[in-house]
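Labels for the chains are A, B, C, D, E, F, G, H, I and J, by order of writing; each one numbers its residues from 1.
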């Protein structure tokens, strides 16, 4: 199955009046799940947008359908705004192999 | 009556503090109604926007008026942002018949 | 190889001062190539945006890389503005099978 | 056949270096064709956007496909940017009948 | 006094947690007031934007000041986002008289 | 006849390869016509947008139709992008009378 | 001290669930303060955007710093979205003196 | 370590129903932390956007990673919308040394 | 006369078919004029937007009118898109004095 | 010197009337220079935006200043629209080391 790369922009907006314990619980669960995705190679690279509760990453999945399942498996998914960009191979990366 | 095709973009934003039972009840009603529309041919094709609680679909109705009635009949309509694009026939589809 | 579906928005802006013969030649070549893509199943559905020299279509390709090759094979590609949306499967289409 | 109403926004940008005679010829042809569409009831109402070479109008056609044919029949079509909005019937217009 | 025509875009966003009785009361009052404006000729034509709790209409008033008073007299005004476009007469409508 | 006030935003983009004499001729004609409009009270106030070949002004006309005729009478009209905002009277200006 | 003119766009969005007495109290205080600014010449001209709880005005202040202090002195400031445009003198206003 | 300059746009939107004491406490903590960043040279220059609870500033940090840590250390960070622009040296500043 | 600070965003788009000598001549004149403005303190700070023929700077002038004269004195002004932001003093800069 | 990562979006718009030989010459020079940057590690990853003459890549440079020099060294730079996003380290990448 050829692995597709996607550029995934995620902005997280947790309500400011969320009880602190609930927030900590959610954030911990989020980190755990994210580490799983990272270890599985689904999240290949990820960076923070400086100054924002937002990240941009290179995700790998067999299809957009699988990508959706991976992203929506994140505990903070209900508070996310996500933009997915399809990525095509660039000839520059062929030469370099 | 000539059947019109429309491209319908729907983003659903349920409040994050909605009681779980109410949410489950609404989502179940939404799926049921959507299946009816799908079976009736009103929803011809539908896809998820990966990473979003949003979908894009090809809907069929006799007019924009009927399309409005169909979309507003969905239980999650109050929490939807909808964009409708009129679609004209493309000559490429004439050849293919 | 699982076939991916993409929503492809294409706006074509041919220069208004293009010599008529060159325009006719290009448009004919475009139609021919588009018919090939349609026959090959790469263009699954396609519609005109009413009032515009623009279309929106459901394309099928093994990957975004193949999709790029297909779109850039169109003779009018140099005059196109293209937006590609990745499409994930919607559960509503599972039921309907 | 039920007649559909559409809201059609047209911005016309003729190149400023178009030879005056060619401009006059095109504008005359445009007015003639527009009068035909007006007389045929295809253009039900039309207004100028003050300060712009642009208009907004209520067009009537059997479908978005027919609407496209009507708009693209205008001589100035190659220099137009067009936005079409589907219109659904408003209950307020039912009472008034 | 010359009657001015305006293109008025109204999006209505009632809070989803509004008590049902209050909602019904407001919507009834809105319909009543809208019918008055329609009967008085202030709302000349009005359509729904399919799939949205939004409408677009041709309003008539002596001035933008009077138009504001008319729109702000609608019971749902506090939950409205409104865009007003000034409309100038199009020569095509002169011929047709 | 009640005089309407409009907020008019004008951006002027003369082609950079316009022959200098033609540019000087146009700019002179523009200034002359603008002074007439200013003297007639059609242009009540006008300012430059700093750093831009653009201005914003308060124009007065009996209607949007007359406003269109005034703006389109300016020699540089073919190179203008214009946005017109309808203005309604503010109660604060009533007190001050 | 040279007086600067600024174009100030203000959109006011009071929460719809604000207790009526509190709303009335705030609106009264706002009008009072606005009249002071008007009398002091800080608000030179002001209009309503028809159909909106928004206004646009020509404000005068010695600097952007003073302008900020004037605007933020308005009781409804916490519910305002404000855009300030710097205004430069237009040669057309020189001739007219 | 070469010090990077960044242009940082911050809009602060504190909920209008925040208890006054909590607001005062947060604002005081914000000022204190900001003064530290200013004294440390992290905030090199900062201005208010007139009419807004927003500022724009020139920040200095070793990297975007450090910049994120500095911005997110501000007590009002949860209520901020931040945009960071990377800044490259301009040759004009070389001459001036 | 109090000196005002402005944030000035300039994007320069020279036509790609400009004869090389003409381009070199213009760019040289631009650098010379910019150095004058820098030396006079009108351009207080300036940075390049990385990857763009664009810069952002802190300019100082007595008014928006003077600012316009300074910017429009630049030889590349006809090929510039400029956005000017008024800047108000931030209390953080008062403490630091 | 710590190496900074940047997300760089590049859209290339070569004039459609560029002589074919000149186009081929430019494109060859572009590929050569890009391969150098790739080999030097300045371009760490790069993808095509499917359907567009545009790419997005992860670039590495010591600063935004060096990044500008690298990007502007590309032969097609005069026909590029470039957006640079600063990238901060994400804790998820710390764990994974």
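Simple rule for what comes next: a contact is a pair of C-beta atoms (placed from the backbone, for glycine too) under 8 Å apart; a residue touches a chain by one contact, two chains touch by 3 or more.
It should be emphasised that the depicted structure is a prediction, and the values quoted were computed from it without experimental measurement.
Traced through touching neighbours, the fewest hops from chain F to chain I number 1. Greatest Cα centroid separation from chain I: this falls to B.
Looking at which of B-C and E-G shares more C-beta pairs in contact, the answer is the pair B-C. In whole angstrom, the spacing between the mean C-alpha positions of chain B and chain J is 39. Between the Cα centres of chain B and chain H there is a gap of 43 Å. Per-chain CA centroids place chain B at a distance of 50 Å from chain I. Residues of chain E in contact with at least two other chains: 6, 48-50, 64-65, 67-68, 84-89.
Each chain pair that touches appears in this list: A-B, A-C, A-H, A-J, B-C, B-D, B-E, C-D, C-J, D-E, D-F, E-F, E-G, F-G, F-I, G-H, G-I, H-I, H-J, I-J. Those residues of chain J that touch chain A in the shared complex are 5, 7, 31, 34-35, 38-39, 43, 45-50, 55-58, 85-93, 95-96. Put simply, chain A touches chain C in their complex at residues 1-2, 4, 6, 62-65, 67-68, 84-89. The touching residues of chain F, when paired with chain I in their complex, are 16-17, 48-52. On the chain F side of its complex with chain D, the touching residues are 6, 8, 10, 15, 64-65, 67-68, 71-72, 78-84.
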